[in-house]
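Each of the next two complexes has chain A plus one other chain: chain B in the first, chain C in the second.
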Partner chain A sequence: MSQETAYANKSIFTPFNIIASIIIIAGLIVTVLRFTKGLGTVTNLDNNNPWGIWIGFDLLCGVALAAGGYVTSAACYIFGLKRYHSAVRPAILTAFLGYALVVLALHYDVGRPWRLPYPVFISQGTTSLLFEVGLCVFLYLSVLFIEYSPAALEWLGLKKIRNLIVRLTLVLTIFGVILSTLHQSSLGALFMIAPSKLHPLWYSNYLTVYFFISSMFSGLSMVIFEGSLAHRYFHNKMDETHLKESKDVALGFGKAASFIMMGYVGVKLIGISIDNNWHYLTTGWGAWYLLELIGFAAIPSFMYAIAVREKNLRLVRWAALISVIGVVLNRFNVSLVAFNWQLTSAERYFPSWSEIVISLFVVTIGLVVYRFIVTRMPILHEHPDYQHDN
Partner chain B sequence: MDTIFYTLHDFLLHSKSVTYILIGGILIGLMLFWIFLTGRDEKKRTF
Partner chain C sequence: MGISRRQFLGWLGAAAGTSAVLGEKTEAASNKVFKGYPGSFGVLHDTTRCIGCRKCEEACNRVNELPLPKIPFEDLAVLNTKRRTQSDAYTVVNRFINNGNMQPVFVKSQCNHCLEPACASACFVKALKKVSTGAVVYDSSLCVGCRYCMIACPFNIPAYEYNNPLTPRVMKCTMCHPLIEKGLLPGCVEACPKEALTFGPREKLLKEAWQRIEKYSDRYLDHIYGEHEMGGTGWVYLSGRPFADIGMRDDLGIQPASSYTSGPLAAVPVVVGLWPVLLTGIYAISKRKDKISEEERIEAVSRTKANANEEMKAKLAALKDTMTKEKEAAINLEVKRALEDAAKKIKAEQPESAKDESVNISGEEK
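Then we have the complex of A and B:
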């Protein structure tokens, strides 16, 4: 049976399609409300809490979890670890979709989408960190689009332009690493402007370093996590090379993530020590901080190490999942939980249902587009015309 | 019990002293962790 016939015979009413459709319809309704009635109608934001989950989750977590793009391409093309080549395209695609959705989600928070090019082309606020972040995200999204495009061009059969872009791979990878270094750290720096609002355990002069280092293991963990999902749901789309290399990719990336995470724990301890914040660790906030640092950084680091020593693929995948949750928890803590920690509970922020719907809407669009691309374009397999060409 | 600091110098002397000792410990700890992490790697041929 040909692939087309198989598609035609398959019902469109799968559980995934039904749930995704409901979320997308709900998201579109809230979108109309947001852009016609304003932020006040759909969010719980106020003057104390101007940034909610659209920034804390969609933007901060989106950017951190999309770091797999620069980490994987740097490993393969700059450090010459060609045995991880099969992981590059899925990682670049995830990063591209991640950043595209970050920009989409930003529209909801910022409003007036037609003004999006203003900070870059019309009125540059060169002394603002937000300008730096905006410029980097704009440039890196463009770089990721070009890095991803060979897959689409192979699918469309446009050989000449595809070959031209493939020649730019190394330059694009270098751009990607530089731009990621800049804006991953700058997202942490955004919170350095509010030392009195962020709890001392999370506030540090090293916030930029924390955000950058955590983006590295976040990217590696996301590649492993996404690889395990792809292995499960798109197994039939993977060619022999991808299937053969997937274990090496998971164990190799797990090893790197393990060491980086342990270094991250060390740097965080240095941060506590240099500000002499040890006494906060015995408070309730300290318990929450230790849960994040030990439960979602030190323990998965050890899990990775044991898994790599014993070549245990299952344990690597569990460690990746815990690490991904840990990074999300860290970004939530910095931007929401430990932010405005001195306010009374009545003044604290909790997202409204419509904010949560929009976040789910954005993630669902990402999943739907990812599935559309992966089932059609050469992401998890090599195009027959270009094998041994990369 | 919290240490009472009367001057910035006192504070920096205390926090930096603790931090430098901690950094030494972390560096040794990271080396040991690396040995643990790579303990079962296949040895590469160097000839």
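Then we have the complex of A and C:
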């Protein structure tokens, strides 16, 4: 009831709504341009740089940052850490929205979007890592949809089918982890076919391992980061269990992230040693690489460790933010910055305004849909009818 | 949520099915060596013979029915800037002038028709294929337009119709595959006035190239570019200058592109096979741990309860004992008192009555 009065009192022209609608209108304009004039008009892509931020950000970062879904559900249902149960639904929702938006963004990037099902149904190019990515993303999006659906079904009051789906939880979770392992790592492996184009510091036989491990702490950090945002904006939607568990979730996930990031830094160093790439560290590329590895992986890992020891929630959240930026930086480096590093600066790519607009547009749609769902469906709280289930 | 045997077998079946479906990948990732289709064709480009007349570009444009460029092919001023293949230019000639060196070198670039093409390996809908004539051909009816082939190509050859909003194609040299099938020469080879281009079976071209190197060892470097680069290419090159100086990368290695991705592809069956078992195992272990700890909890509680019961019983028994004793004592006392009272009464009322009577009266009194 307090909600309703809040709605009644609030004007529709909140800062969020105004900014969101401006971005969405701009996005729609670029959408029209994209599908009438082509990629040449709206992007800075060219024959040497066929992939821009729609792949580097929307696809690579989108998938990595949506990893919270598999990480959280695995922690809760497979590893039996039931005290994180209240974190599962928000994580699954953001993962589902994340993947859905990845697919939406791909519609802009590929030439003939209506053929996106071709690799799965028409002609299977099984030697391609992109095939593996495509198949896994397709299957995982379906899995996430099913995993998310109980919340919608509870909201709609469809008890029978909801109970049926809840019974599939474990199978879906295991399936989700398998699919995530495969495509998170394969997104890195996409670039392994071009050792002549990717800078040796980023190119490695461990690229798959780097991408997979970083997806884990990326997912954990995103859950913490989103949690802090959700606390600020949707506090009234959270029930007692959620509020009680949320600190435990942040500290527990922070601890896990700290360990995983240490491992990540270690594996990266092993990768440099195996290819004997130490001498590159003294170059400008090396400085950039060290900024990514130390500034955005080792340091947040330490921050997490200290924050967890001191039970400092603020520091955990800062560490999460830096880790998230670190993952974005890593994906940008692999796909854009260190890719085609040997081309002259005139031949290099920098995104156009329209490309950035579409990327913002996609993120904004995500936020709007997220808000629509959490203000209506049992995501941050349990539905009273199903409180002692699952 | 326990796992029945039937459920477990079901999952195992699903896992096996997935492995069977994806089985092709493991094979693709194996260490087989492919040296190209036997008798497949290629072209030998002798850069020492090329004069940069752009006749090949013109022929290519005509044969492939590409749009005419704004600057005519006769205008050699375009050679002043470095060019790459475009969606409307499958082949381009570049001029390389090395400071102080006597003559410029002209190099024609186009699709090299790799023996194991990176683009075909990268294509997730098999729109690009290596065919037995040696050509790498493209099927636009399958292409989704993801441009991964362009990422994969080590020679930066495939181009994309960026200005086509709805039906963009990937454009590249086809080695004039339709002409070859008719027994004709590729357009560029046919047009070359200096025989800088030689068409033929790749094996023969390599022999020919080595002969030229041996015959004119001062004219040529002791290397045929494309014999081994990226696992071998259909087009092979001769040069008198280091290939790195004439815009051709000499750091590509001799492995085909597919060898770089075979590792990650081989990991697929491992994950698909291992993960379900491992994760179900972890689930079962954590579930069992929970169950055991729950059982232990229940046992501990019942043990404490039982102990408490016994203690309580003993206490109760002791209490009962004292209670009964006290009660008996109280009753005895009461009886005694009553008897005494009765005796006193009788004494007062009938002092002379007999002992037998007094007993009777005391019995009736209550």
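Rule of thumb we're sticking to: the second predicted complex is superposed on the first by the 381 of 390 C-alpha atoms of A that agree within 3 Å, B and C clash if a C-alpha of one lies under 4 Å from a C-alpha of the other, contacts with A are read in each partner's own complex, and residues count from 1 in each chain.
The definition used in the following text is that contacts are C-beta pairs under 8 Å (C-beta built on N, C-alpha and C of every residue); 3 or more make two chains touch, one makes a residue touch a chain.
For clarity, every value in this text was computed on a predicted model and none was experimentally measured.
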After the superposition on A, what does A:G263 contact: first (chain B), second (chain C), both or neither? first
Looking at chain A, does chain B or chain C touch a larger number of its residues? C
Of the partners chain B and chain C, which touch A:P195 in the superposed model: first, second, both, neither? second
Regarding the shared-chain residue A:G40, is it in contact with chain B (first), chain C (second), both, or neither? second
Is A:V308 contacted by the first partner chain B, the second partner chain C, both or neither? first
Report for A:T126: first if it touches chain B alone, second if chain C alone, otherwise both or neither. second
Once the structures are superposed on A, label A:L116 by its partner contacts, choosing first (chain B), second (chain C), both or neither. second
A:S273 contacts which: chain B (first), chain C (second), both, neither? first
Both chain B and chain C contact which residues of chain A? none
For a test of understanding, state which residues of chain A touch chain C in their complex under the given definition. 34-41, 43, 45-48, 50-51, 74, 77-80, 109-112, 115-116, 118-119, 122-132, 134, 167, 169-171, 174, 177-178, 181-182, 185-186, 189-197, 205, 207-208
Taking the complex as given, what residues does chain A use to touch chain B? 255, 258-259, 262-263, 266, 269-270, 273-276, 279, 305, 308-310
Under the definition above, what is the set of chain B residues touching chain A in their complex? 2-3, 11, 14-16, 18-19, 22-23, 26, 29-30, 33-34, 36-40
Given the complex, residues on chain C that touch chain A span 1, 11, 22, 24-25, 28, 84-87, 118, 120-127, 142-148, 150-152, 154, 156, 158-169, 249, 251-253, 257-258, 260-261, 263-265, 267-268, 271-272, 275-276, 279-280, 282-283, 286-287, 289-290
